[in-house]
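Some notes on the structure that comes next.
Every chain is named by a letter (A, B, C and D) in the order it is written, and numbering of its residues begins at 1.
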Amino acid sequence: MAVAAFTWTEFAQQLAAGIREGAIYAGLALALVIIYRSTRVINFAQGELATFTTFIAWSLMNHGLSFWSAFPIVLAIAFTGGVAIERILIRPVENASVLTIVIITLGLALLLNGLMSIIWGGQNRQFHGPFSTRTIDVGGVPISVQDIGIVVTSLALVALLALFFRYTKLGLAMRAAAVNPASSRLVGVRVSWMLALGWGIAAVLGAVAGMMIAPVVFLDPNMMQTILLYAFAAAVLGGLDSPLGAVVGGILLGVTITLLGRYVEFIGSTLKLPAALLLILVLLLVRPGGLFGKVAVRRV
Amino acid sequence: MKLKLVLEILGFVALAVLVAVMPSFVSDFHSREFAIVGMYFIALLGLGVLTGYSGQISLGHGAFMAIGGYTTAILSVDGISGHPVRDIWTIPIAGVVAGLAGLLVGVPALRLSGLYLALITFGIAVSFPQLPKKFGGFLGGTSGQILNLVKAPFGLDLTPNDWIYYLTWGIALVLLAVAWWLLRGPTGRALQAIRDSEVAAASSGINLAFYKTLAFGISAFYAGVAGALYAMASAYVNPDTFPIILSIYLVVGLAVGGLGSLAGLIAGAALIYFLQNHADTVARWVNHLPAVDLNPKQPGISSAIFGAVLILVMLLLPTGAGGLLRKVFRPLTTRLYTRS
Amino acid sequence: MSRSLLELNNVEARYGPVKALHGVTLTVGEGELIAVLGANGAGKTTTLRAVSGTVKRDGEVIFNGKKLPRRPEATARAGIAHVPEGRGTFTELSVWDNLRLGAYVRRSNVKDDAARVFKYFPPLEERRQQQAGTLSGGEQQMLALGRAMMARPKLLLLDEPSLGLAPIVVAEIFRVLDAMKAEEGISVLVVEQNATLALAHAARAYVLEVGRVVVKGSSDELRANESVRRSYLGY
Amino acid sequence: MVGVRVLLVCLLAAAVAAAAAGARPNATPGVTANEIHLGSSVPLSGEAAIAGNVARGAEAYFKYVNARGGVNGRRIKFTYLDDGYDPGRAVNNTIRLVQQEQVFAMFSSLGTNNNLAVRKLLNDNKVPQLFVSSGATTFGRDYKKYPWTIGYIPPYSEEGAIFGRYIVKNIKKPKIAILYQDDDYGRDLVSGLRRGLGAKAKSIVARVGYDPTSSDVQPQVTQLKASKANVLMVFAFGKFSLQAFNAVSRLNWKPQIFVNDVSSASALMSIVPQKAANGAISIVFGKDPASSLWKSDKGIRLFQSILKQHGQDITSRDLKDGYFTAGMATAYTMVNTLKKAGRNPTRQSVMNAATHLNEKGNPFVLPGIVIHTTPKSRFPLTQVRLQRWQDNNWRPFGKLISARPR
């Protein structure tokens, strides 16, 4: 079958699509990393949490609110929800095995998915995001304002988070609680609240990612499921405990698989996931802690 | 320790007797349901060896089941150079093929630890269903392969459901005995030493690479056998027969069954089957509560119930059914040991 | 003896089923440096942990006239800084972040407090941005003390400050301890293996054996005590 | 290992004893003096949960019929189970329905693969597999091998062919780009299109598949746009077709779009960027409850009143959900089939009725459509019209066209 030949315009557009795709992975991967750093747990409910909060935004906007007036409300709800989940579901099993906590997050994912179907139905919904759907001309290549907005938002979020962790007392306490809970208690940090705070921030990050991507892929209860898989991959790629790694990993992954899927005919759309896996596996064999992660030194 | 051994053997015999007489007390269809529980039990035994005893978490065992299932499908439909293989003989082959795949995965797994390994194996579970789509000519594509319906061989007068039941549980009991025998011997001690501390295990002369890879291989063999049986019982395989969520359900079954407890895994297997196929029944139970009126047919209700049950089970029994069993029986056994 | 700042009345502590303290009673007065001596496993470290609430304890701990709650965060907020065994530095974080964490419970200008710490430990200032894990053992001990000072505590709990350090470094650390006590009025409860050193700086000391106080008294009295001399001072 | 061998012998002995006990009844299963039991397996959870509304629509219609005296004095009992779109569970459900619930026939189970998975099983046991919810051609075509199976909706390949013939007739110098779901469903549509184009099949300039595990089809649409095509075929499913319209708009592309029936519900079309959607062409055979076109139509009014009265947990959004209407249309045909199957229906007689249908005036499909089958032509619904999307509405145009495979 004749497949369109290579053109630079298309390449630029594919690249833009890849970066935008990657920015979304990055957003969710960042949320995963925040929770992993503090609790050493992978949160399987991260995607459904993001979708759930996006549905709340949709409902608010359906009741006449503008995006920007709904936005802070949704973030507040997401934050409270994240903290509440940690307090109610994770806290009681804090000392149980990682497996137990992972299963609870899985249960939460199923529960939220079911609730979304019950409350909002399985239909696809249109979600009016903050960005115009116009395209602008960037050096002869039409690029959508939405795509640019998504990438800029993601990067801004990362920068904001970095500033928070670097320069605020709370951010410092969260980092301390993650790396050394025992000593943190001795200097007066309420460690278990820091973990809850981590869940809250992760939920906020997820909510933002959800509200950014929903205008592109349309909103339904399963919106984030595939994206979550890629976010896992992005987080592993970057190193599970590195926020910077999550972002770099996300964008790298988005670009790589978009370009591989387009230009390597054998991979196409079907083998994108396996190709991503293989890439990561190879990387992990070389660097067992991911691109930016710390490797616990084990001499065996 | 003699007493513990006697208790375990008695438990095994009781289980075997229960398995043998069960079909006389339940309907033909229920035999099939118990058979499928048995298949999950076999896969969980394998996962138990890996996670419970060597400490490596795998979120990809659905893929090994799929390899077993596809092996059985290909051998019993296309056969070897045009000669279809009778379905029951494909079972050990399916186990071996899956086991080899497990060894293959076990090698890179040596370099990965904890959640990295979990996520990479999850990646395998996610990726595997894509392969039949890509290599449709050999593996049947999305429309999959249709197998022959199971029938009792050797002129046995059994319904297909009873036959698959006895076949599954016969194999399950043998594999349970094998796992038990393996784990109480030097292999089990080596694996547990590795789980508890790799450094300590290595310094006491245990070959880490050998035992960890071996655990992956054994574990995948079990999953492959389970997948082969599942393919036979479904008489159909396609990429959705072994969905991504299956791998997750298996880990759920393991956690519910309790790490490091082989018998508790039956409870885990039953839960996997029950919640997948009988969420409507659970909804009816829940409706007995005041002010609750769930319609099990409403989309979403079954997922919500499944999720809620999982959370509750893990909150109430963070160590799983096996942990509960141990908690209940420890006072008893401790007393017995101290007296003897 | 001055007004007592810390009182332990018949304190017991346990790790799971194992009891580590069998009713320890001791007091630390305001501005005092008190030493706890004893062999390995005598319960010295556990005594400090019982105060800061990092181990399960029974019995009464009075701090500054009030009952002390058994939560490490609350102890820190009440004005007790615990430098635990192994120093408890945040090895992944920078020196500066370690100091900021020290001041976590206070609403104060971190810079002024830090300047005070740098006055006592000049090497830390040069290494502000360095990751704490890359410091030498002596510098890490300084950082641990500096971090504790950042909280402007009333009481400092210090676990084996001399462990693994060269004698010259140890001497320096005790010199700073004396200075801090004099200039800031901090009380110190220090656990030490090196009894000679500890007694040289402490006003009073307690000797623990298997979770009980067996001897107590002023440093001079203890130096004179026959059994203490034989067991802990080695002459 | 001696113990194991002894154990196996014991097991087998017990097995033989157990098997001797059961015997099977002779009367037609699932039919009693006052009841006919039908079963179905549909997704009510997971990705495809929304499609399970087909069964809920059918259920409401059966209840409506029961309230009016049922079929020949028997009420229809309809049991449908959730398979999460997993064929393994569809097999479990089907066996449970046939063996445990003793249903008379399977009715309108959803999904190509899920029906393929149980076709052999049902045919071997001579259980009718009626009006499957799938447009795969095989369910109507392969009746010689599977006499107990019959489809319902127009085959996907014929839909593709209709588009192809339309393009040949109406579009000068077409350069066709195809976005298709990379599975049998998408490939059926593509092969039909090529057949319909005939000699003009050369005018296909690009064809890109997407995998249903994709998160967004923008890369594929970008690639198609680069082919400089002026016609875009969207052979997608659900959200992917929405994303395709979205991507077309974002890329400032203006091809003539054709979108397949499954992705063309008004509820979907009205939420995509209209600058891309306007002028899109599709086919239609069922009435779309979300379209203002049928707002005062008798059939849709009946649909809504039945759903409100007899449906369970129905929300306002369900009243505009085309899956419910589709389920009701199929249930309408099912009831007619049962009526034709005689006073005391047997599995044979119901199969006979299903292959001799000549049903006019199904209120839930387009006016004029005749549901017609013969033993050698097992495609019940094979008349469609073309429709064009304009001003937020589908406008059917032209006459009814045959979608019957030749």
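Note that in this section a contact is a pair of C-beta atoms (placed from the backbone, for glycine too) under 8 Å apart; a residue touches a chain by one contact, two chains touch by 3 or more.
Remember, predicted model here, so these are calculated numbers, not experimental data.
Chemist: Using mean Cα positions as chain centres, tell me which chain lies farthest from subunit D.
Modeler: In terms of C-alpha centroids, the chain at the greatest distance from subunit D is C.
Chemist: Return the chain pair with more inter-chain C-beta contacts, choosing between A-D and A-C.
Modeler: Between the two chain pairs, A-D has more contacting C-beta pairs.
Chemist: Using the mean of all protein Cα atoms as the middle point, what chain has its own Cα mean nearest that point?
Modeler: Going by the distance between chain centres and the overall C-alpha centre, it is A.
Chemist: Let me have the rounded angstrom distance from the C-alpha centre of subunit C over to the C-alpha centre of subunit D, please.
Modeler: 76
Chemist: What's the distance between the Cα centroids of subunit A and subunit D, rounded to whole Å?
Modeler: About 35 Å, centre to centre.
Chemist: Would you kindly tell me how far, in whole Å, the mean C-alpha position of subunit C lies from that of subunit A?
Modeler: 44
Chemist: Taking the mean of the C-alpha atoms as each chain's centre, how many Å separate subunit A from subunit B?
Modeler: Once rounded, the distance between the two centres reads 32 Å.
Chemist: Send over the residues of subunit A in touch with two or more other chains.
Modeler: In subunit A, residues 114, 117, 121-122, 221, 270, 273 touch at least two other chains, as defined above.
Chemist: Quick one: which residues in subunit D touch 2 or more of the other chains?
Modeler: 45-46, 49-50, 182, 211, 213
Chemist: Mind pulling the residue numbers of subunit C that touch at least two other chains?
Modeler: none
Chemist: Got a list of which chains touch which?
Modeler: A-B, A-C, A-D, B-D
Chemist: Subunit C touches which residues of subunit A in the complex?
Modeler: The touching residues are 169, 172-173, 175-176, 179-180, 182-191, 294.
Chemist: For a test of understanding, state which residues of subunit D touch subunit B in their complex under the given definition.
Modeler: Where subunit D meets subunit B, its residues are 4, 7-8, 10-12, 14-22, 44-46, 49-50, 52-53, 55-56, 59, 80-82, 84-89, 91-93, 95-96, 99-100, 112-113, 116-121, 124, 182-184, 211, 213, 312-313.
Chemist: Would you tell me which residues of subunit B are touching subunit D in their complex?
Modeler: 16, 19-21, 23-24, 27-30, 32-33, 36, 126, 130, 133, 141-144, 146, 149, 156-159, 161-163, 166, 169-170, 173-174, 177, 230, 233-236, 238, 240-243, 245, 276-277, 279-280, 295, 297-303, 306
Chemist: If you look only at subunit D, which of its residues touch subunit A in the complex?
Modeler: Residues 45-47, 49-50, 182, 204-211, 213-216, 218-220, 222-228, 238-239, 242-243, 246, 249-252, 267-268, 271-273, 315, 317-318, 321 of subunit D touch subunit A in their complex.
Chemist: Which stretch or stretches of subunit C touch subunit A in the complex?
Modeler: Residues in contact with subunit A: 52, 54, 71-73, 75-77, 81-82, 84, 88-93, 97, 100-102, 104-105, 147, 151.
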